[in-house]
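Have a look at the structure below, then the notes.
As written, the chains take the letters A, B, C and D, and residue 1 is the first residue of each chain.
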């Protein structure tokens, strides 16, 4: 049986709920004969989030790791393609830290590609009726920070593990308080995560399909 | 027992589903001790749509009428405030008609306000966690056409009836085919329609609350 | 020689400049053998703005009247089609008044169409390389208020006068302070106003061209 | 005297003009005592564009290199932060090639940071009233391709050269044909390029200022 580690964050920036954690803890109740899901909460805090992630990776020894974060203002379930080695916080994190233009990992490479089969995942999500897209930037706040920390740990210590980052829209009840913003139902997000996990488990070589952006 | 007439349209413009009709026929299964819901399909066709609407109003004699239409690209459940007396079709309707700058009703007034209590409805939708907003334009295609036809018929023949128009986003399965577009789950839309109906039934004088736009 | 009255507003809502007034006073320096332009500043204040507008109409006796306002967030030079009889202020005006759901003119009609030839104007603007569109809502703040006041005055006292409202984007120097917002250069806006005036003067019957919105 | 190489692309994707080349060749007429600007046209073609860029770098031996490209739909003058080692073409290039998920440079690193002082540049652009922002993705088409090729060449053969990529909005005359899209006047773009060049020449260590994105 395969083991899947899925993480979500606590609320930040004035919101009282984080859809990532809501989705992840709901997902943890999803049962399947071939795999088990372990959900963990990460704090929206630089460095501490990566320390905890590494500790959970050690304890749980997962085959697939999905970190999930809120991207308020985006309309789709988006699969991040690349993590970059910079912290550049527009607002303070949940412990008041606001690093600007520092590396996530001293002397780490500029970026890491996700090891998820993103084209196969997007193709399957669309077939299942879930609005999805590939994203080429996870920002420069704690989401990208954790994503980079994850891919670095996989690169140096966990070869072969499939890992990546998913950005999700506001939940409807959040968007009701952010006038005009798009949202996605919790069910749709959770289904999207199941599709992502199952496609990652089923895919050895990724599809070669159009998925880029002109700019 | 009160009677509610709710209408949706058939698909148009290359889509194979119309979320308005999906929502309306799902809504029709909603049972309540105080009111009954009657759902009717309208064609996305100028004039014929209004003729049918008037026929259904005659047959069903409703206390509240909601016409529902798709607004691909919008992110929220939006309650239209005003219908205007112009047809200006950017694409042909489902029978190939494309009127440009003609009146909906010859010699009708420039516009009609909805008779729904829009501020109370928006306030209640937000409380219930449904992303909602007031819209000041229903466009100039068949949606506005039917909305104007509805309000004109209420004005000339059905005084006291509460009527209005709701524009809804794409369903997730549609947005999966329209890259980057926002969507709303069918459940959320149907809940929004129930809230709209129940607030219309419960409200005699509308709230006075901020709800306008600067531009 | 024809006389053109063009109005702009003073700054509001925290901005220190109003592009409408910048454009209008620059436009006033434009000289032409066939017409003269008179520029007037209006305060961003309910009622007082209309009183002043009527006074200027009386004094100047113009053949064409353009009222111009800022629409922060819009990307194009937009020609408003309809003024509606409601004040619904999301923020206070420059004297602290914030009317909610009151009429602009007691017992006035629901709406007034602009008397500008909007399809001819948009067509000409595009030919001249100016990004332009028809708008079906001027909002519910002081811009729509003045637009409604203008069209009401034309309807009751100045038959045959061509009047309308133009909404313009931020200037580049404003957008530099509103991250991510679109802007338009002052020159482009002024050229757009000249094209609007000259098309209004040259057009007796408007074109019949596609220009509507689906929703 | 310093030498600045600035490149623009030929039109692609159905447009008949490319604002990048229009801006770059206008910029070439800008005279200054301290530096001279050399403008070169690049084809919107994978590989050939990089070959030509390297040839121009050899011939001209510049101190600063700016490659400029069109980002239709963006509202601001945007300074790209990172080039990534992937070609993923959503449409064919101008010679019909459409690489999908191939590297720009075989065995190159995942990404390269620009060597422009981006925070100082953005700060100065805003002071000068030019709407500007940092971008964390240059897409995956020929723009990112050339940007990666540039930074790779600097890394392996031209240490100390300041190089980067600027994405610009549509020109007004283009946006007039792309309804609703934002635009920027040619003058504003050219001024933005001058500010970028002069800030690059004047800055030894970049500012540490907030400039990141949450997602």
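Note that a residue touches a chain if its C-beta (ideal position, glycine included) is under 8 Å from a C-beta of that chain, and two chains touch if they have at least 3 such contacts.
Composition by chain, UniProt nomenclature: A, B, C, D = Pyrrolidone-carboxylate peptidase.
Treat the numbers as computed from the prediction; the structure is a model and nothing was measured.
Using CA-based centroids throughout, the chain positioned farthest away from chain C is A. Between chain B and chain C, the centres computed from C-alpha atoms are 30 Å apart. For the pair chain C and chain D, the distance between C-alpha centroids works out to 37 Å. Averaged C-alpha coordinates give centres for chain B and chain D that are 46 Å from one another. Chain contacts: chain B has no residue touching two or more partner chains. By the document's touch criterion, interfaces exist between A-B, A-D, B-C, C-D.
On chain A, the positions that touch chain B within their shared complex are 75-76, 125-126, 128-133, 169, 171-173, 175-177, 179-185, 187-188. Across the complex, chain D is touched by residues 13, 69-74, 81-82, 84, 86-91, 98, 100-101, 109-113, 119, 136-141, 143, 167, 206, 208-215 of chain A.
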